[in-house]
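Okay, so subunit A shows up in both of these, paired with subunit B first and subunit C after.
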Partner chain A sequence: MTRSVAVALAVARKDLTSEWRTRELVPALGQFIVLALVIANFAFDIDSQNASAIAPGVLWLALVFAGLVAFGRAFAAEREQASLEAMLLTPASPTAIFAGKALAAALLLIACEAVLLPALALLFGTPLNAGLVLAVLLATVGMAALGCLFAAMVARVRAREVLLPLLTLPLWIPFIVVGGQAVQVAMGATGNYNQAVALLIDFDILFVVLTSLAARFVLDD
Partner chain B sequence: MTRYEKAAAGAVLLMLVAAGLIFFYAPEDYLQKEPQRIFYLHVSAAIAAFASFLVVLVGSVVYLRSESARADRVARAAALVGVVLTTVTLVMGMLYAKPIWGTFWTWDARLTSTLVLWVIYAGYLLLRQLAEAGPQTSRYAAVVGIFGFVDVPIVYFSVNWWRTVHPGPVIVNDALPPQMLLTFLVTLACTLVLAAVMIAIRYRIETLLDEAPSAAAAPVAVISKSEPEPAR
Partner chain C sequence: MSTIVADQITQRFGSELALDAVDLALDKGEHLAVLGDNGAGKTTLLRILATASRPTSGRLELFGIDGLRERPRLRALIGFVGHAPGLYPALSAAENLEFFCSLQGIGRARVSEVLELVGVAGVARRAAGRLSRGEQQRLAIGRAILHDPQLLVLDEPDASLDSGAADLLARVMKGRSAVLATHDHALANRLCQRTMVLRNGRSLGAGTRLRVVR
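Up next is the complex of A and B:
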C-alpha cells in the first residue's frame, strides 16, 4: 500500500518536474482561459447586471475545455517517447502509475483554475469566495480521474483528439450539473449549497474508486 | 429462408400486431387525444433500449473478467441496437412532447439522461469504429460500456432536483385503463422481441466480420498468389 503511494507520488513528481522544466502546458492553458473569457465577453455581451447570471456558465465552459486540453496532453509525452510501456514493465502496479498521472494532471488543472477564478472575479466582477473555490476543487478531483482514464485510453487510438471529448464530456456532465449548481449559489443565486457539495463529494468517491478499478484494464497491455 | 430471416419476419409481424392494437383497439385518450398513441411505442422503445444497455453492461463485465470474444460481440451488437432504440425513443418523445407540452425539448431529468445515454453509447460505437479491432479496443470499449451505464442514473439523479415535467411511471401506479394496459404490454413484449432479434442478427454479423480475413489484406494475398514469378 505505502509502496503504491510512493509510486504514485514519484510518477506525479516526474510529470510536474517535466512541466516545470519545459513550461509548455500551464502558460498556454492560462492564456487559453483568458482568451475564453474575452470571447465570452463578446459572445454574451456581459455587463455588470447580467455578469452574475452568466459567469458560472463561462467558468464551466472554460474549465471543461481547458481540462480536455490538459488531459489530452497528459499522455502525449509518454506516447511520443514510448515511456509508458517502460513504466509498465517495472513491478509498479498500473493503478499506482495511473493515480500518479491523474494527480499530476489534476494539479495542472488546479494551476489553470488559479488563473481562471481570479480572472473571472476581476473581469466580470463576480464574487470570489471559499465556497466557489471548494466547489471547483471538488469537481476537479472527479473530473481529473475520469479525464485521465480516457486520456490513457485514447492515447493509443487514432483520431484521439476527436475521441477524448466524445468519451469524457458525457461522464463529466454530473460534475457540471452539480458543480454548476454549487457555483451559482456561491455567486449569489438561491439554492442548496451544502447538498450540492455533498453530492460532489459522493461523485468524487464513486468515480475515483471506479477509475482506479478500471485503470488496470486500460493501462495493461 | 434462414432462421435469421424467419426471426426477422416474425418480429415484423409482431410489430404489425402491436400497431393494430395501438391504432384500432386502444381507446382515445380523453385529454391528449390522438398523440397519446405515441406513448405505447415510445415507452416500449425506452425500456428495450435500457435492456440492450444492460446487455452491454453484462457483456462488458464478462469480457473484462474472462476476455471472452463472444461476450465482447454480444456487447457490440447490443450497443448498436440500444443506440437505435434510444434514437427512436428520443424522436418519438419529441413528437409526443410538441402537442402535449408545446415544445419539442425541455431539460428535464429524464430527457437529459436519455440524451446523455445516447451520446455515451454513440461514443462507444465510434470508439469501436476508430480504434483498431483487437483485445485492447475490446477492453477499452468494455470500460466505456460500464462507465456509461453507471453515469446515466447519476445524471438522472443530479438533474432531478429541478422540477420535472415528464410524467411519472403510469404503469406501476395502475393509472392505465385495462385496454390501454393490454395494448402497452403487447407493444412492450413485441418491441423486446424485436430488440432481441436485432441483437441476434447483429451478433451473427459481428461473428462473420471477426472470422473473415481483414477486407484490406485479402485482395493483396490473392494477387500475390495468382502471379507467380515468371519462369526464366
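Up next is the complex of A and C:
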C-alpha cells in the first residue's frame, strides 16, 4: 500500500514537473476558459436576474471541454514518447501508475478552475464562495478518474480525439447534473445543496473504485 | 534452471503471422543474438520475452516462472531496451533515472553509478529532450539496468550509438543473461555465444556463432 502511494506520488510529481517546465497545457487551457467565458458573456444577454441561471451551464461547458483536453493529454503524451511501456515494464502496480496520472491531471484541471471560477464571478457577477468551490472540486475528482481511464483506453487508437469525448461524456453526465445542481444552489438558487454534495461524494467513491479496478486491465496490455 | 524456455511461440496480428512456432532456450549468463532482416519478427519475439506483449499461443517460462501469467512478478528481473528510448524530454537525464528508481522501488544512490556506467554522467543535469540520439539511447540502456536485472532484452540497442557501442553493451551485459536483436553480425559475434536467425517469423535455427558464420 505504502509502495503504491509512493509510485502514484512519483508519477504525479513527474507529470507536474514536466508541465511546469514545458507549460504546454495549463496556459492554453486557461486561455481557452477565459475565451469561452467571454464568448458566453457576449452570446447570452446577461443581467442580474438571469446570471445565476446561465452561469452554471457555462461553467460546466468550459470545465467539460477543458477536462477532455487535460485528461486526453495525460496518456497521449506518454504514448507519443513511448514512455508508458517503460513505466509498465517495472514492478510498479498499473493501478498506482494510473492513480498518479489521474492525480496529476486532476491537479492541472484544478489549476484551470482557479482561473475559471474567479473569471466567472467577474464576467457574470456570480458569487464565488466555498460551496461553489467544493462542488466543482468534488466533481473534478470523479471526472478525472473516468476521464483518465478512457484516455488510457483510447491512447493507442488513431482516432482518440473523437473517441475520448464519445466514451467519456455519457459517464460524466451524473457529475454535470448533480454538480450543476450544487453549483446553482451555491450561486443562490433554491435547492438542497447538502444532498447534491453527498451524491457527488458517492459518485466519486463509486467511480474512483471502479476505475482503479479497471485500470489494471486497461494498462496491462 | 534456464533463464528462458520458449516453446512454440506464435504471434498473429490479424491475418498476419509475425512469429511462427518459435522455440528458444537460454541458460543463465548466456548471451543470444537474434538476427534477421527487417520484418523477420525480431522485435515481436523480444517484446514477448520482455513481457511487454503476449503471444497468440505458445508457452514461455522465465526463471522457471510462467512468463505469460506471472508477468508483473517477472518485471523486477528483466531489463528491456526497445526501439524508442521512451524518456521524459522535460526531465534531466538523472531525473529520468530517479523517477524509474521510484517505480522500481530502489534507492536513488544507484543513479550516479548507472550514469557513469553508460557514459552520460557528464550530461546528467541536461534535459533528456536536449540530449543527442546516442546519449538518449545510452540513457535508455541505463534505465534498463537500473534495477540490476538478471535478464537483459535489447532490441537493436546499437542503433544510433557511436563506435563505443560494443564496449558499452559488453559492460552492461556482463554477468547477466541477454537476448540481443541486431543487424550487426560482427557485434553479435563479439557479444554473444549463440545466434538465432529469424526469417518471416520462423526460426531458421540457433547455433554457436562459429556455425552461423560458416
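Going forward, the second predicted complex is superposed on the first by the 221 of 221 C-alpha atoms of A that agree within 3 Å, B and C clash if a C-alpha of one lies under 4 Å from a C-alpha of the other, contacts with A are read in each partner's own complex, and residues count from 1 in each chain.
The rule is simple: a residue touches a chain if its C-beta (ideal position, glycine included) is under 8 Å from a C-beta of that chain, and two chains touch if they have at least 3 such contacts.
In this text, all values refer to a predicted model and were calculated from it rather than measured experimentally.
A.B. asks: Once the structures are superposed on A, label A:177 by its partner contacts, choosing first (subunit B), second (subunit C), both or neither.
C.D. replies: In the superposition, A:177 touches subunit B alone.
A.B. asks: After lining up the shared chain so the two structures overlap, which partner does A:92 touch, if you call subunit B first and subunit C second: first, second, both or neither?
C.D. replies: So A:92 only meets subunit C here.
A.B. asks: Which of the two partners, first being subunit B and second being subunit C, lies in contact with A:163: first, second, both, or neither?
C.D. replies: First partner only, subunit B.
A.B. asks: Residues on subunit A in contact with subunit B in one complex and with subunit C in the other?
C.D. replies: Overlap of subunit B and subunit C footprints on subunit A: residues 221.
A.B. asks: Subunit A touches which residues of subunit B in the complex?
C.D. replies: 64, 116, 119-120, 122-123, 126-127, 130-132, 136-137, 139-140, 142-144, 146-148, 150-151, 154-155, 158-159, 161
A.B. asks: Could you list, by residue number, the parts of subunit C that touch subunit A in their complex?
C.D. replies: 50-54, 71-73, 75-76, 78, 80, 82-91, 95, 99-100, 102-105, 127, 143, 147
A.B. asks: Show me the residue ranges of subunit A that touch subunit C in the complex, using the header's touch definition.
C.D. replies: Where subunit A meets subunit C, its residues are 3, 6-7, 10-11, 14, 17-18, 21-22, 81-83, 85-93, 97, 220-221.
A.B. asks: Per the contact definition, I'd like the list of subunit A residues that touch subunit B in the complex.
C.D. replies: Residues of subunit A touching subunit B: 146, 149, 153, 156-159, 162-163, 166-167, 169-171, 173-174, 177-178, 181, 192, 195, 199, 203, 206, 210, 214, 217-218, 221.
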